[in-house]
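Worksheet: the structure to be examined is printed underneath.
Residue numbering begins at 1 within each chain, and the chains themselves are lettered A, B, C, D and E in the order written.
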Amino acid sequence: MALVMNDENGPLQHRRGFISRDLIGIAVIIAIAAIGYFAFPDNLALLTRMITIALLVLSLDLVTGYCGVATLGHAALFGSGAYAAGILSAHYGINDPLLMMLAGVAGGAVAGLLCGAIILRAHALPQLVLSIALINLFHEFANKASSWTGGSDGLSGIAPDPVFGLFEFDLYGHTAFFFGMALLLIVFVLLRVLVRSPFGMLCRAIKQDPLRIRAMGASPKAALIRMYAISGAIAGVGGALNAISTQVVGLDSLSFTQSAEALVMLVLGGTGSLFGALSGTVIFMLFEDYVSAANPFHWLTMVGALLIAVVLFAPKGLYGTAATFIGRRREQRS
Amino acid sequence: MQTVFSIAVDAFAYGMVLFVISIGLSVTMGLMRVVNLAHGAFAMIGGYIASYVARDLGLGYAAAVIAAVVITIIVAIPIECFLYRRIYGAPELTQVLMTIGITFCVIGIANYVMGPTLKTIPLPAALQGSADLGFRTIPVHRLFVILCGLAVALALWFAVDRTSFGVKQRASVDDAAMAAALGVRTDIIYAVSFAVAVGLAAFGGVVGAELLPVEPYYALRYMVTFLVVVSVGGAGSIPGALIACLLLGAIDTTGRYLMPEFGEFFFYLAVIAIICVFPRGLAGRVK
Amino acid sequence: MSPVFEVANLKKAFGGLAVTNNVSLIMSPGDRIALIGPNGAGKTTFVNLVTGNLLPDSGEVRLGGELVTKVDAIGRVRRGLVRSFQVTRLFQDMTPAEHVGLAVLQRDGKTGHMFGNFLRMPDVMAEVDDLLGKLGLALLMHRKVSEIAYGQQRLLEIAVALALKPKVLLLDEPAAGVPQSDTGRIEQALADLPADLAVLMIEHDMDLVFRFARRVIVLAAGAIIFDGLPEDVTKDARVREAYLGSYANASHIA
Amino acid sequence: DTIKVGVIGPFSGPFALQGKNFKAGIDAYMAVNGNTVGSDTVEIVYRDVPQADPAQSKALAQELIVKEKVQYLAGFYFTPDAMAVTPILKQGNVPMVIMNAATSAIVTKSPLVVRTSFTTWQTSTPIAKVAFDAGVKKVISVVSDYGPGIDAENAFKAGFEKAGGQVVEAIRMPLATNDFSPIMQRIKDSGAEGVFAFLPSGPTTLGFVKAYNDNGLKAAGIKFFAPGDLTQESDLPALGDAALGIQTTFHYAVSHDSPENKAFVEAATKAIGNKAELSFPSVSAYDGMYVIYKMIEATGGKQDAEKAVDAVKGLAWTSPRGPVSIDPESRHITQNIYLREVVKADDGTYINKEVQTFEKQGDPGLAAVK
Amino acid sequence: MPAISLEVENLSAGYGPTRVLEGISFSVPAGARLAVLGRNGMGKTTLLATLAGQTRRYEGSIRLGDSDVTTVPSAARAHKGLGYVPQARCVFPTLTVEENLFVGLKARPKTALEEAYTMFPRLKERRRNLGSQLSGGEQQMLSTARTILGRPSVLLLDEPLEGLAPVICEELMAAFADLAKTGDMTILLVEQRIQSALDFADQVVILERGRLAWTGTPENLTGDHEAVESLLGVGGLH
């Protein structure tokens, strides 16, 4: 094809095979999980931690990638979920993992609503700063409420019961891994549906031009707050999973560092696509795990170099760039 | 009453220190539209150089400041050419990724080369000790920083608002392609602006070192503070940054005096309140 | 017929500059009005004021008899007052189909739905195909807007406005940047509009103005200096001097 | 056989210096005592947790136990990191030797925990007596607002009030405080004769001590008391003259005068590369290794956590810091706490000079929280 | 014979992987007025942008006067005498009108700003306003004036009449004609209003899907009904 001109070819491609592509996507995730499971049978804790963070990054992608909200405070949602689940167990003795998960979802969603209501009052840089201020407030609050949260010593005494009364959370982390994997798959499927729905399309449009959306009669703010609550629920799942699998919740789960790291992972993978979020998390954490074990003293330099390299050679993120590349190849062949 | 004055003096001095350290970031972020999270890294490089020149080489404070600014700029030139040039005009998040990467690298290298301990920059006799204000004393060094802050603010404001360089600079940021089509050599403009920003960062790192001591983690430790004061002021506005620094300095200082245990709350609540009222920052330009 | 849209004594000043100076206007269903005037006369500002994008200093806006001066822009759109933009404002990463689909869904109150995909909703797609076909964008409907030429983006801008099925439509220079060969399409699209829709169009292309309008309003320095039939406008000396120039002498006025 | 010891600590990031000291202490011990116990070779596996991050700490501990098959876990700079690991010790059959984390309660979380460092209560209690004996009756306490800071505040208050003094005000300030001028103003206004301060070792102590001098508190005769975190040796060159005369209580000073310490400092300096970077975590790590070696001896290299821990209960030896023992009840270290004063040594460096010894101090914190 | 001021040979250009222009060659003598016509999306803007150095060029060469500027960056081309008024106007939104004009001045003294104000008195009234606050037509005036202030020898105009009131259009076209004649400026004009363009130009090229489909004089074109019909898609010309 030499010349791309007005009468472009296939509009048809777009209409076929969403479902089949989704099935492939799920199959890929399961395959990767299986590879992870067999490749690192004695390091399931790492994989579980990856799943937790992946949930946080997915949730961040919803607001950042799909709605264009810049935030360096997304761990507020994650941490709220974690503390909600943790407090339920440590203070109220409700140890059922599913109930704890529900508490996490609720905690995350409430935090999402709250953060959304504030963060959405500004744009771009000031928005980023609002999010930083928020995460610091959450962090301080959790530090102050130490009778509930354990303060800087962390909330300990979380003792989740076996899942369905059968599978115990043990040293080897099998239960936590499979429990997390199941959650991740459910969340992934739900998000797939969500981002393609009319609501998902609305959010993408808002990201590009909120004023235009207003002129179409939709309220960007209402939509974004709603998305924030959903994002909070997802982050809450991650937080609760973290509380259940680690059995300790630390202030770090509500920290700027955690938020910034999540954002880095997201951008590394590529914003605005679920696979971008997933691959960013997996690649970053594997890389970090590898270099920090190889040289615990100077690995930060390597991570820095990785980030720079990604911006230089894969400016849309690793997944984003790969997807564009493949898409172009396919276009050229047709 | 005396206490009120005293707090006011502390607040003003702290605000000016914040200003000197973060104004370079206002240049990169507001005037060049690069979310430069590596600002602290350049400030830290400046601090290390000054410390080395003043302490290990035993040269004077003035020499240390000049060396810090000049060498930091020299160090920054290749970084600008190979890294920053790629992210001008890129999406914010890409810039975040790149500049965090740079920060990590600088931290790692500083840790390796200079070791993890604190480094100080010995002050000349003239800047040591305290000056008597009548009702209280204040470290002479703070007065020096206040003067530096005012001088920098004035010089920058003049350069940006009153010179042809300033006009071309702002034009390049608004629309680099169009500016180029009108004959503005945007790459040179960018390089010079960046050098100025880095030079200011280094300068701030050195004169602010009494308050924010130089160590490898400096680059990340104060990143949030820098980002916050610059954005609250409205990135790119020199008067805005000045007002923001003084205001936030005052809030922080008063809060810390009245209720230290809620100091952070005051500070960040004020940030949220200000941004909610002025969504573009105190003196934000319309886009 | 009762007016669908009424503006009374609208005023707005930027600093010392009175950009809208006591403007009043009434539109009835089926109106086809052209709003013309020199550059900087305040036409776009007028549109921004009545749509709620700018706050007037004083004056009233009514939609279908209801006072909407205090209603925000979104509320006014939902009540049937829709505009297009002078400089295209489109979603660069989205396709024409998505633009129009979104507008249709929004109109039907379905943008909150969290499942399903409009490409598989036959009723929505039928409308999308129809509208884009009418404006000659059918072949481009699945390309990103950033990749299509400016003129085509202008057409899409109109398609989006139409998809909202407005009661009052304000078009800000819909043909700017659209080549002569394609203004026909715009005209056709406008001609196909429901007869009871009230349309106000700002345009500097006089040929289009005279083919489209049944009433012409001339705005100069923020005030209405002429309001009448197209035939009469070229005869008005003030309009000639301020706006039309030698166009008034040209032969081909419809 | 090879016996692996997993060490978790902050080896990069803001606390990299402390992690470096862990490593220096461990390296020093193995340099002096060899890397074999009986027929077994000891191997150290390091894992980095740059900032308090219990989830990461637990994941790494799990990996160390399950994958690396370590028989001992050690290190742990931050309390939550240690807390997160205690639940898996039993199942993993692994003892944990804490080389820093200073909250009293950790040892109660699992019987397999042994601590060779100190607790904030332990180091902060004696300074109360010092203050009172110096004739100061009214003190204002100023601490960083986080776990250890609050421990320090409580410990000082308990000790000082018991002695008969009065804490006129207790201020908690955020960890990320840069400008201490307002705090100094508060101190002045409080009318206290002395100030008790606790800040985590590192950059902020510099600002605090400078502000104390610059704002004329020192000149006004307001006395300064603190546990030794404030004047850790690696910060002293930066603090310079500003720190001169400051009195602190702590379990270890690099300048401690004993043959054991000379040997230790020599070995540790070699390991860390620069004597100026040497600080207190190194000695806890050194003694931690001593304990681990004893455990290996007692179990003959077999993995048996309970037996290993039992073997060191009541163990007493002479550490570089002086005579120490492991309290069989709490498994926490009983040690001398020294009152030190910052002075300029003959070679121009600044040191913590020991001026008084409080012998055989246990951990008062455990009783206090109970 | 007048010197050639702009010569394009076998030019191909586009955006990233999308090729838009293919094998374009033409040359324009100094002082000539060339109209570039074509329907929507045929590559007119792309052609001008490529000449100004703003899009990706794949093949071919561009000569300006007697120097080869094929690989010269945009700013340097401007200093060699190329002026470009883009279709999107590209007014600097955060600069005032005066500052916008000032950027276009290049090295000329500030007093030259008056030239722009005589051309568009409207701009003088609004000179302290920010670019983003101008009306559509005012932005168009500003964009044009800004480029003309730099005294280019070759002026590329991409739909400079869009959004302007009829009176202003007339004045502006007259001003362009004047610049071409007395100022010895070579002008390339892209315009949708075919009649205005033909009245102005002494040469015409028509683009069709990125290629040069027709070249000639306005008179030729008026006679060539077939070309007008198929390439421009309009009925007839007067």
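Just so it is clear, contacts are C-beta pairs under 8 Å (C-beta built on N, C-alpha and C of every residue); 3 or more make two chains touch, one makes a residue touch a chain.
Since this is a predicted model, take the numbers as computed values, not measurements.
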Subject >> Identity of the chain that, by mean CA position, is farthest from subunit C >> reply: D
**OP:** Among all other chains, pick the one whose mean CA position is farthest from the mean CA position of subunit E.
**Re:** D
Subject >> Computed distance of Cα centres, subunit D from subunit B, in Å >> reply: 35
**OP:** Provide the C-alpha centroid distance between subunit B and subunit C, rounded to the nearest whole angstrom.
**Re:** 48
Subject >> Chain centre separation (subunit B, subunit E; CA means) in Å >> reply: 43
Original post:
Per the centroid of Cα atoms for each chain, what is the distance between subunit D and subunit E, given in Å?
Top reply: 74
Original post:
Which subunit A residues reach two or more other chains?
Top reply: 4, 6, 140, 144, 297-300
Original post:
Residues of subunit D touching 2+ other chains?
Top reply: 12-13, 16, 20, 145, 174
Subject >> For subunit E, residues that touch 2 or more chains besides their own >> reply: 18, 40-41
Subject >> Complex contacts: residues of subunit D adjacent to subunit A >> reply: 11-13, 16, 19-20, 23, 46-48, 50-56, 58-60, 62-63, 65-67, 79-80, 83-84, 86-88, 91-92, 103, 105, 109, 145-148, 150, 174
Subject >> subunit B partner contacts - residues on subunit D that touch it in the complex >> reply: 12-14, 16-17, 20, 145, 171-174, 176-179, 181-183, 185-186, 189, 202-203, 206-207, 210, 214-216, 234-235, 237-238, 240, 274, 276-277
Subject >> List of subunit C residues in touch with subunit A within their complex >> reply: 51, 53, 73-74, 77-78, 82-83, 85, 89-94, 97-98, 101-103, 105-107, 110-120, 139-143, 147-149, 152, 160, 164
**OP:** Could you pull out which subunit E residues touch subunit B in their complex?
**Re:** 52-54, 73-76, 78-79, 84, 86, 90, 92-95, 99-100, 102-104, 106, 130-132, 146-147, 150
Original post:
Where on subunit A does subunit C make contact in their complex?
Top reply: 4, 6-8, 10-11, 13-15, 18, 193-194, 196-202, 204-205, 208-209, 211-212, 214-219, 223, 226
